[in-house]
Amino acid sequence: MERIRTCVVGATGFAGVEVCRIVLGHPALELTMATDRKAAGTRLADVYPAFEGACDLVLSLPEPEAIAQNADVAFLAVPHTASLAITPQLLSLGVTVIDLSADYRLHDAAVYEQWYGTPHTSPELLGQTVYGLPELNRSGLLVLGERHEKGEAVLVAVPGCYPTATALAAIPALEAGLATGDLVISDAISGVSGAGRSANARTHYCHANESVEAYGVAHHRHTPEIEQTLTQVAGREMNVVFTPHLAPLTRGLLATVYMTAADGITANDVQDAYERRYADEALVSTLPAGHMPQTSSVAATARAQVGVALDDRRRRVIIASCAIDNLGKGAAAQAMQCANLVLGLPETQGIGVTAPLI
Amino acid sequence: MERIRTCVVGATGFAGVEVCRIVLGHPALELTMATDRKAAGTRLADVYPAFEGACDLVLSLPEPEAIAQNADVAFLAVPHTASLAITPQLLSLGVTVIDLSADYRLHDAAVYEQWYGTPHTSPELLGQTVYGLPELNRSGLLVLGERHEKGEAVLVAVPGCYPTATALAAIPALEAGLATGDLVISDAISGVSGAGRSANARTHYCHANESVEAYGVAHHRHTPEIEQTLTQVAGREMNVVFTPHLAPLTRGLLATVYMTAADGITANDVQDAYERRYADEALVSTLPAGHMPQTSSVAATARAQVGVALDDRRRRVIIASCAIDNLGKGAAAQAMQCANLVLGLPETQGIGVTAPLI
Amino acid sequence: MERIRTCVVGATGFAGVEVCRIVLGHPALELTMATDRKAAGTRLADVYPAFEGACDLVLSLPEPEAIAQNADVAFLAVPHTASLAITPQLLSLGVTVIDLSADYRLHDAAVYEQWYGTPHTSPELLGQTVYGLPELNRSGLLVLGERHEKGEAVLVAVPGCYPTATALAAIPALEAGLATGDLVISDAISGVSGAGRSANARTHYCHANESVEAYGVAHHRHTPEIEQTLTQVAGREMNVVFTPHLAPLTRGLLATVYMTAADGITANDVQDAYERRYADEALVSTLPAGHMPQTSSVAATARAQVGVALDDRRRRVIIASCAIDNLGKGAAAQAMQCANLVLGLPETQGIGVTAPLI
Amino acid sequence: MERIRTCVVGATGFAGVEVCRIVLGHPALELTMATDRKAAGTRLADVYPAFEGACDLVLSLPEPEAIAQNADVAFLAVPHTASLAITPQLLSLGVTVIDLSADYRLHDAAVYEQWYGTPHTSPELLGQTVYGLPELNRSGLLVLGERHEKGEAVLVAVPGCYPTATALAAIPALEAGLATGDLVISDAISGVSGAGRSANARTHYCHANESVEAYGVAHHRHTPEIEQTLTQVAGREMNVVFTPHLAPLTRGLLATVYMTAADGITANDVQDAYERRYADEALVSTLPAGHMPQTSSVAATARAQVGVALDDRRRRVIIASCAIDNLGKGAAAQAMQCANLVLGLPETQGIGVTAPLI
């Protein structure tokens, strides 16, 4: 079988290089092109010596026409606005786009403009984009797959890392009506790779090591994205208070979510709802009652694990904790999960059975 | 000046050895005795090579009469129930006790028995014990100091690490009436030293490294201690939902606390209340508006730093984050802060101006 | 194609579970059995929650007859002497054995007995065992493959982690005659997983974190194994001074090797010899001149990277540094590389194109 | 007693801020001035929030005349050449200089120029500077102290971190004639703070974490400094092959040193020589036979610990391993040890009894 020609745009960022790694190990894809504005002309292996002996690809400039000549599908691992600048042209050139940036995640251009402080230059695409959380929007992704098969270029907006973990922690309780009210608190902890590859005071080893801290409190840009998803799930307007923390690990993200318990529900009800919701999901597991997930269990994979508890002493609160790899299920591996669905491939192909276990 | 003879009971645990280190550097105290049931007869330096060349003390058995012969004050760095077994006798032998265990923290013996699953064998002491959070109970500690000066042996119950950080994060908002309702959510992250010196699957380097996880969800024993303090502060019965997490660092604890904002308050009101509350505290600092603390800033000290924000988009929530060292302000250094107050010494003597900064 | 039935003996140790992970992702193998003496009867996923949702296999006791009924090939990830106890019977029952223990690595039973302090109970097998360093003994492994194809059960002794890295660093210089004399110094650094899964004072997170230390100085058991290999390569009796260090990372091993430079050689000669030696190796790369490898580049793979330099100021010394994953090329992934060769599969099948790059 | 007015030049670098921290806790010194070219005008606490609530000093420009007005002693924690630019003037203005840079460490200006690639602009000072390794040159430092007491400004060149650890590991064997030949191999491992505060690809958390690597192989600038010291100690010209490694910890440095053993010596001879050599040193300890030091034992202190072994199998080699804190005994704390000697204060005043033990 001929392999699908694949380009990774923004190949030297942390999410981008993880997409490259996954494509290189994917039996149905071929990494034909990788771009980086600054490093164009040098080999990917010069930037990441891990590729030495494994991949000799030379980085290119992210020019849409060159991408269209070399690839059938493009993964965009770029900062917000960079995808706006290139996606419309890629689509019109017939390249299916799996966009890891924030540019097409929010359905409402006005909300985008409010939180990102910049106009949305292709709002007409928002209606035909699918938000790539397969456990919530698989049918939408499969519809894109049908259009792709007919030769149409389609666009997937891959969720952010915090929204993915928060959504997976909250969905079963909200869908089952176990959580009431309109407030969800998401208190999350991310590894340092979430801060990106840019070297600055905050990503310096000696700053991040042996320390934890909150950041972006009360104004992190993932907040509206989480609210959009939880509102969709709950069927009522949900408010999210979201606090991300930085902890000294490279990869991994844990979201612990607090929701008001509906009257009369028991811990068993909650456990059952989560187990049922994810019973048929290959990549999301509910842990046995009494167990909470740890991020190392899902490192370098597209997997998520969820644990749940009910604090039923006085004020009754559902506490759900979801572990993902911020670069895996939180970015590159989930992007590939979406791509597999859109490209007609087995959903989990090429994205890792299980984590390196220790 | 003759130095005050000091015994550390449970000297090889993480909190105990930190008390030893502080005593060794304290200009007014002398480490005359250190006990450990298992390692008695060997040198402290055999257990902790860091003491090689710095301290040749041989560990003893924790026998009250021997302690009373050798020390005027005893720090108990022992598990719960071990303090119950020894404290009454130490007091009757005239030894002032700074107890780092949980045994005398809860005012109500019934609550102790419910959460710790064991009878409280000296409830008569609870009324005369001071809960050693100096920023809340300094006057009580100074009264103990007066009694100690008159030759009476007194008892301080040093707070737990999570209760310390949660209380310091919540006190200003509750005292000032900025937080309403009866629910406080405390989502906290601790370094692995909080799990103690016992070697087990969870403290194995390869388990704890590169991972975060929640534990003790909805039933951690620090919950009633936090509720007791917040109820005292708020003047109404407070409920606490408390979720501790483990992160890959040795020392450090961050508590991020969520409280319902009273109507009409502004972010400035909140910032002002915190700054005013801690303006005269030597060891607790409110960070400038917009800043959140990181645990490395307070490592190996008795210091705490607090940052605060108001999420005033729709559901209005006060978010306060407090960083301490779980073994410093969360245990040994706070114990010494209490001891200084009780022994008539300068409150911050011997407990570190500032952290090793990186 | 029917997949080869595979058993992992000692499946809950760090090397064992890594073999399980690799087998689960290997297209030609099927994990039909996994054994653990203590955890038999529980699921592998109960011990390693990472398998939750990915593998429901229940652990068995390591009984040779049961293994022979369930598997064509067995990976032994057991401590020394445990392989002695089971390998002869497995072979006679027709099971090909890939042994990760030290029991069959040394050709001379007397040397084994001297360093391991226990008699070698099946010295007759030593002559027909191949030391599984494919880059040195590929032809021997392929001969085993021919015998295996004819239905004979064969035995591979997979090298230790330190011997693998030291050998790969030293082989090109010794083979090419660039290094003279009979002394090689190997100064190596390993991640904590090298100390195994047993929870003890040394593997406690708070001991291993933020610290480096030497251990086993002048008497580590990998010394005779390294000497055996370097003597084979150099064609003269080589002495090795070997110092392992522990550093705070989970996976990764770096060996920096010092060899006396032959008269007249240049840095280019050295660089050329290394590049030539590994030019056709899929899993060992020589880095460009001036570059030294880092262990993260090869994490979770069977890959090795080597960098080399010549200190030609006064005393002329070749310095070669080799990075591997102690559980990958240093154990499980190299075991699979050997198994692939013996089982007639592509040498690198199932063992990872490249590391998770960050 | 009036405290000695102290200025720290380069106060925001890692060594500089550590000097500030030590000065703030030093009973005989007062931090009257701290300089930083870029951050002048802001508070030190704005750069390092750990100082929030502990120190309100505003950073100044490093102008010699202002320094001379405000301080009796200046610690220079600056890159090489920056000390050349300021030290002569400071001395002529009467300020005693404790220089942590490399500028005055090498006795021979030509060697400086060869390794640092820049002319030495004040070679006339080299003859009157003392290399501040107190365990080797205490008498020289005390002579400076006498001159300082008479009102003369004097200059101490504080050793580099690698030279300190290597020297302390090698001195006893070389002085006692137990090591022969002219070659010493020093294989060392440093925490990331050794790479300085500059944020770049190599100090990014995600690069440094979970990895070890060699760097500067065969050409690190500490090499001639080590050779100068070992030549002084051995009384013959010594050659040093020096390989530094980077490991994922913030603070800590371990040097493992290999020396050819003299004929006939025993392991006991070596152990005895090390114990005798450091018996009267307050800050350097020889560990009991069979023990090797770990860096965490000396973190945040001026202490060093040394362990030693003899590999006497065939090629007989002395292996000595020395643990220091690269910012403590390797920089700031050793600088203060030197300052104490020069200023007539107790040698160990203000520099920490023992490390935070875990």
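Annotations
In this document, chain identifiers A, B, C and D correspond to the written order of the chains, with residue numbering beginning at 1 in each.
One rule holds for everything that comes next: a residue touches a chain if its C-beta (ideal position, glycine included) is under 8 Å from a C-beta of that chain, and two chains touch if they have at least 3 such contacts.
Only a predicted model underlies this, so the values are computations on that prediction, with no experimental measurement involved.
Common neighbours of chain B and chain D under the contact definition above: A, C. The greater number of contacting C-beta pairs, out of the two interfaces C-D and A-C, is seen for C-D. Per-chain CA centroids place chain C at a distance of 39 Å from chain D. Centre-to-centre spacing of chain A and chain D amounts to 47 Å, using the average Cα coordinate of each chain.
Remark: chain A and chain C have CA centroids separated by 36 Å (rounded to whole angstrom). Within chain A, residues 14, 193, 206-207, 209-210, 248-251, 293-294, 296-297, 299, 358 each touch two or more of the remaining chains. Residues 182-183, 185, 187, 189, 191, 206-207, 209-215, 217-218, 239, 241, 243, 245, 247-252, 254, 256, 258, 292-297, 299, 307, 309-315, 317, 319, 321, 323, 358 of chain A touch chain B in their complex.
Residues 14, 192-193, 197, 199-201, 203-210, 248-250 of chain C are the ones touching chain B in the complex.
For chain A in complex with chain C, the residues that touch the partner chain are 14, 17-18, 21, 24-25, 48-55, 193, 210, 250-251, 282-285, 287, 291, 293-294, 296-300, 303, 305, 327, 352-358.
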